[in-house]
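See structure below.
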Amino acid sequence: MSSTWGEKVKISVFGESHGKAIGVVIDGLPAGFKVDNDKILTQMARRAPGKDKTATPRKESDLPDVMSGMLDNVTTGAPLCAIINNTNTKSADYSNLLACPRPGHSDYTAYEKYKSFNDIRGGGHFSGRLTAPLVFAGSICRQILEEKGIKISAHISQIGKVKDKSFDPVEIPTDLMDKLSKSSFSLIDASKENDMREVVEKARLNQDSVGGIIECAITGLPSGLGGPMFGGVEGVISSIIFGIPAIKGIEFGKGFDLAEMLGSESNDPFEYKDEKIVTKTNNCGGILGGITNAMPVVFRVCVKATPSISKEQDTVDLQKKCNTKLSIQGRHDPCIVPRAVPVIEACTAIALMNL
Amino acid sequence: MSSTWGEKVKISVFGESHGKAIGVVIDGLPAGFKVDNDKILTQMARRAPGKDKTATPRKESDLPDVMSGMLDNVTTGAPLCAIINNTNTKSADYSNLLACPRPGHSDYTAYEKYKSFNDIRGGGHFSGRLTAPLVFAGSICRQILEEKGIKISAHISQIGKVKDKSFDPVEIPTDLMDKLSKSSFSLIDASKENDMREVVEKARLNQDSVGGIIECAITGLPSGLGGPMFGGVEGVISSIIFGIPAIKGIEFGKGFDLAEMLGSESNDPFEYKDEKIVTKTNNCGGILGGITNAMPVVFRVCVKATPSISKEQDTVDLQKKCNTKLSIQGRHDPCIVPRAVPVIEACTAIALMNL
Amino acid sequence: MSSTWGEKVKISVFGESHGKAIGVVIDGLPAGFKVDNDKILTQMARRAPGKDKTATPRKESDLPDVMSGMLDNVTTGAPLCAIINNTNTKSADYSNLLACPRPGHSDYTAYEKYKSFNDIRGGGHFSGRLTAPLVFAGSICRQILEEKGIKISAHISQIGKVKDKSFDPVEIPTDLMDKLSKSSFSLIDASKENDMREVVEKARLNQDSVGGIIECAITGLPSGLGGPMFGGVEGVISSIIFGIPAIKGIEFGKGFDLAEMLGSESNDPFEYKDEKIVTKTNNCGGILGGITNAMPVVFRVCVKATPSISKEQDTVDLQKKCNTKLSIQGRHDPCIVPRAVPVIEACTAIALMNL
Amino acid sequence: MSSTWGEKVKISVFGESHGKAIGVVIDGLPAGFKVDNDKILTQMARRAPGKDKTATPRKESDLPDVMSGMLDNVTTGAPLCAIINNTNTKSADYSNLLACPRPGHSDYTAYEKYKSFNDIRGGGHFSGRLTAPLVFAGSICRQILEEKGIKISAHISQIGKVKDKSFDPVEIPTDLMDKLSKSSFSLIDASKENDMREVVEKARLNQDSVGGIIECAITGLPSGLGGPMFGGVEGVISSIIFGIPAIKGIEFGKGFDLAEMLGSESNDPFEYKDEKIVTKTNNCGGILGGITNAMPVVFRVCVKATPSISKEQDTVDLQKKCNTKLSIQGRHDPCIVPRAVPVIEACTAIALMNL
């Protein structure tokens, strides 16, 4: 089912970019959890557009409107529905897209699936705006996880060719996790911010956009989570992560680098350390046989460049049935990677609630 | 749920490596499909061990025993259960593994989840042997898909540092697809076989193992398959692919290379060609907004080196609670990549039956 | 999962009786369906309270507010979310119920499950008010089914000891179906209305309430819907019908009367009639082996008397840990059977969309 | 999905009556549970045919063959697959049924769904024989539940017009539960056995069959199980129970009798008794708002008469497209109610493992 995910904690995301509202129903939250609105606002702000030149100038209002499932900020155990009203939408911008699908966008495939009935304005249900309810839902889930000592933090691993440092997967400092998960331009090595912003600004000036990579870590997980085969942690996390627009790949631990490694290199030797069993390296990303081993879970996802660019592109005219050119007007992010960081964290939190 | 997957066509895989039997129940196959046993045998043989020096010498019997759901080789519409009896198992080899978990293996995490009740012999339910029923189930699914003109083929993209050519994602010749999906050492550029075998043989002689990458393509898919958010093709395929042991990453289209690409580079321009809409490039791997665009779907997965190596490794003794050394005895593949190729194809076929 | 139901068309119901709003997300509707708001209003009105003396005088506003999934009253294919704001709630009435659970109500069991965090006001998420979004969702589903010639109608089969006629399960006239599915006091034999209203009025004057039975029929179904075992029509319908508060039983065809029937009596003989295969009787309620046979599907559900009565009742005080007496104040229906009729029809429509 | 059921503990049933074998995969059992084979055999024997004149004389072999998921009779945590080979099948008996569907049977509807590909021999996948793996799976589940003090027992409530006593739903003696769940003709009032057997024998002599009612009780459940709406205990139990062939109705507590009861009669008053909260009556069958209240859960199901009777019946000839007569040869139970008792208990146990 397209927009519903989860078994123990089930989310049902709805809304279209230029419709009346977007939102989410979260079914299965425990009763009696006191939600911290400030923490939600922090995460929503990290994802919100309009913060700086890397993002579209469209403004979004703040806290979603909770319709059910909370009483005095405490969960009741009933499904929690939160609504974000759509305001400040300029639908006129999108009038010709139904005829001329934007390259790299869902316009054409949505037309093939839903015909002309798809609400194409602003990307409709395919819009990156739908990640706002995900961040809301994930923010509640991560608060619940934090109470159990589980932390989730991601950072911009790469934009264009500029790379941040990587997590040390064996030992990730708590204060680094805390710093990253509040930042709006999350970097381990803060000195890389200027170079990255330059890459983005250059793309923007060229009416272009640029992609990147996000690395995410989870600490504090107990061992024994997940299961063999289709219940594995990798499968559960990836099935929700690929629900985020523009994500085209995911790798756990050393990922694709494992191809060139020997077993004697990639195997993580066990050892006792402070009477606990740890691994000396963590090439498997904290997951063996689909099950956590209590080491940090580390994974990386790649984010393709925003397809909406102002540069002229080749496309087709579905009505006239001929080739044509398209220059996309309207507001677009030249790079969504910084804003995607809290979305990755949020989806990870939702995934963990189901493990 | 660990070992059950799918909605329209649901598979339930069971068995342990050294138990009585392994097998699969397939629920939801259409009635009236004539199954070709030769095609099943071809695929089972590609996955079977003992073919050459890259694989473990253990022999497997041939066609699974179909218990239900077929009458005179025609599906009845009822659940199809197939059994593969375990024979020629040498369980004595594994007697000490419960105490000393093998690095890179599920021994430790399975112990944390199931305690000492896990059937550790031969890897139990975590064994790569469980991919045999997947190949069986996938082989039936791909026969059904082939009738609709859908082809699935994968090849060894990389072993160690030796790389095969890649698919041209815009146009993949039918005869290449057919050749690959029958080969037991699937390569686009057959001249790389020697180099790859040398890498494997060198690892074997060093009591080591080596990883690799598999690239998989699907042709003949109609546009409009999949859906936004969690119904996307990437999420569905990855959730079953990560059920295969040793897979640690997946990328669609240009995948992680998208990080360094500009939007003007990664966007695939549309054009009319022979009155059909195609894309000039296929960086998105045939999927936009989670939905197929009728171009080939192309993805790559990385396979870590077999964790079972004879080389001495550091581990812990769970009973004595101390660090120790382990040299794994028994039969192991120095490289499972060639045998994993038909497994990737099979899981892809099962995924497509659910789209 | 408590409040999510369905596979092909999935509904996720949310809200609490005295919270901000109630509503539903419907995921999986086909794109391009033109929704008729008048038909929705007709069904919402049949369920709405305050129509007459059988119902609570609380007023409800009219059409739910559609947030997504529709553009100019045509479905887009994206999830449809509809909201009904809660107004005119008098929460003060319910202040002491957390201490003294109402007999026959969910107060006590919800307390055991959710502790004091459950929003007990007005019954919270357990309230009959949550059937309003079900009627909304079902009303769209039945419009889609009607286009395929499928009709769903229910009537008040019994209130107290007063009984309506039953459907002739072999042949149900279209005009009867149409009449019933618009009526707010649906009866085959309209002459029974006075007697039934008298039973209800008598209960009301005695500060009491009364139960009943609803019979529902579906016509126009093709044969071959459903499946063996857990995919059977009976199981699918019953699993959603028991989601309606106060339903305690369901029977298909002759139901519990089958206990006293011989096989030669209960078997429905087949015959050709107008070149179509029909059954001479329809004791099985149109379902054999879980699969429709194209005869009308007929089932009956029993509805227990509204547990909220003003009459003094024995209960316990959870705080003082002693026995006590309770007289429930506030507005309550002395008989919910008439208002439950469109809810049964709506849930049946949702069930059929999943078959 | 037809033959797969459950979320936490998932069963996947397969097989056809005259195929090679029938069986079940159980996914999600806890690791480390010691299974008592004698208890399984007791339950399998209660369901097995050929015990006496109420049943078909076909013999069944004893314990299913466990292929996986158990080591030395202890569950490993991996999926447990059990196989029952089909022997002693006389398929010749059924040769003409594909042309002339048996009234009351699934022959016709299975033909409409699966066309001629359905394995009609012995009822195929629709056969009552498929309840054998359910009893096996349920027997393991009930052993696990028994360790937690939960007991499940059913009895023959009615055959034809002869009725057994009912459970006192407020207090059900443990020794009665134990006695019933071992009996092959389970009755509270043993004196009714002769009358019931006479009804069955009379039907048999008349080449006919007869229906009945089974009442089932669960004791020892904690309060707080289940949930509002679609997570309710009634819905979960009924969705698996309707998977059993011939079940056409289910009612909880007073069920359909609630129609004639006033709220003051049907509401169960709470009281403290031995410092525990109980209800003085138990008309709701231990379930309020879909959630258990720690009183016994009691429900009744109706079983239609076996459709296979030797008496001549009217049917159609699908090949000649005309009306015809049919006299069914072969072995049939004149009354399946006694054998259905352990099946109801088994499915209840599986349902409880999912709550």
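For reference, chains read A, B, C and D in written order, and residue numbers begin at 1 within each chain.
Definition applied: a residue touches a chain if its C-beta (ideal position, glycine included) is under 8 Å from a C-beta of that chain, and two chains touch if they have at least 3 such contacts.
As the structure is a prediction and not an experimental result, all values here were calculated from the model.
Chains that touch both chain A and chain B: C, D.
The set of chains in contact with chain A as well as chain D comprises B, C.
For the pairs B-C and C-D, the count of C-beta pairs in contact is higher at C-D. Centroid distances built from C-alpha atoms place A farthest away from chain D. If each chain is reduced to the centroid of its CA atoms, chain B and chain D end up 39 Å from each other. Look at where the CA atoms of chain B average out and do the same for chain C: the two points lie 47 Å apart.
Between chain C and chain D, the centres computed from C-alpha atoms are 27 Å apart.
Across the assembly, chain B contributes 1-4, 7, 13, 78, 113, 125, 228 as residues in contact with two or more other chains.
Residues 1-5, 13, 101, 103-106, 108-110, 112-113, 125-126, 130, 158-161, 203, 206, 208-213, 223-224, 226-232, 234-236, 238-243, 245, 247-256, 258-272, 275, 277, 279-280, 283-285, 287-294, 300, 302-309, 311, 313-316, 318, 321-323 of chain A touch chain B in their complex. Of all residues in chain A, those touching chain D in their complex are 7, 78, 228. The touching residues of chain D, when paired with chain B in their complex, are 1-4, 7, 10, 12-16, 19-23, 25, 27-28, 31-32, 65-69, 71, 74-81, 83, 113-115, 117-119, 124-125.
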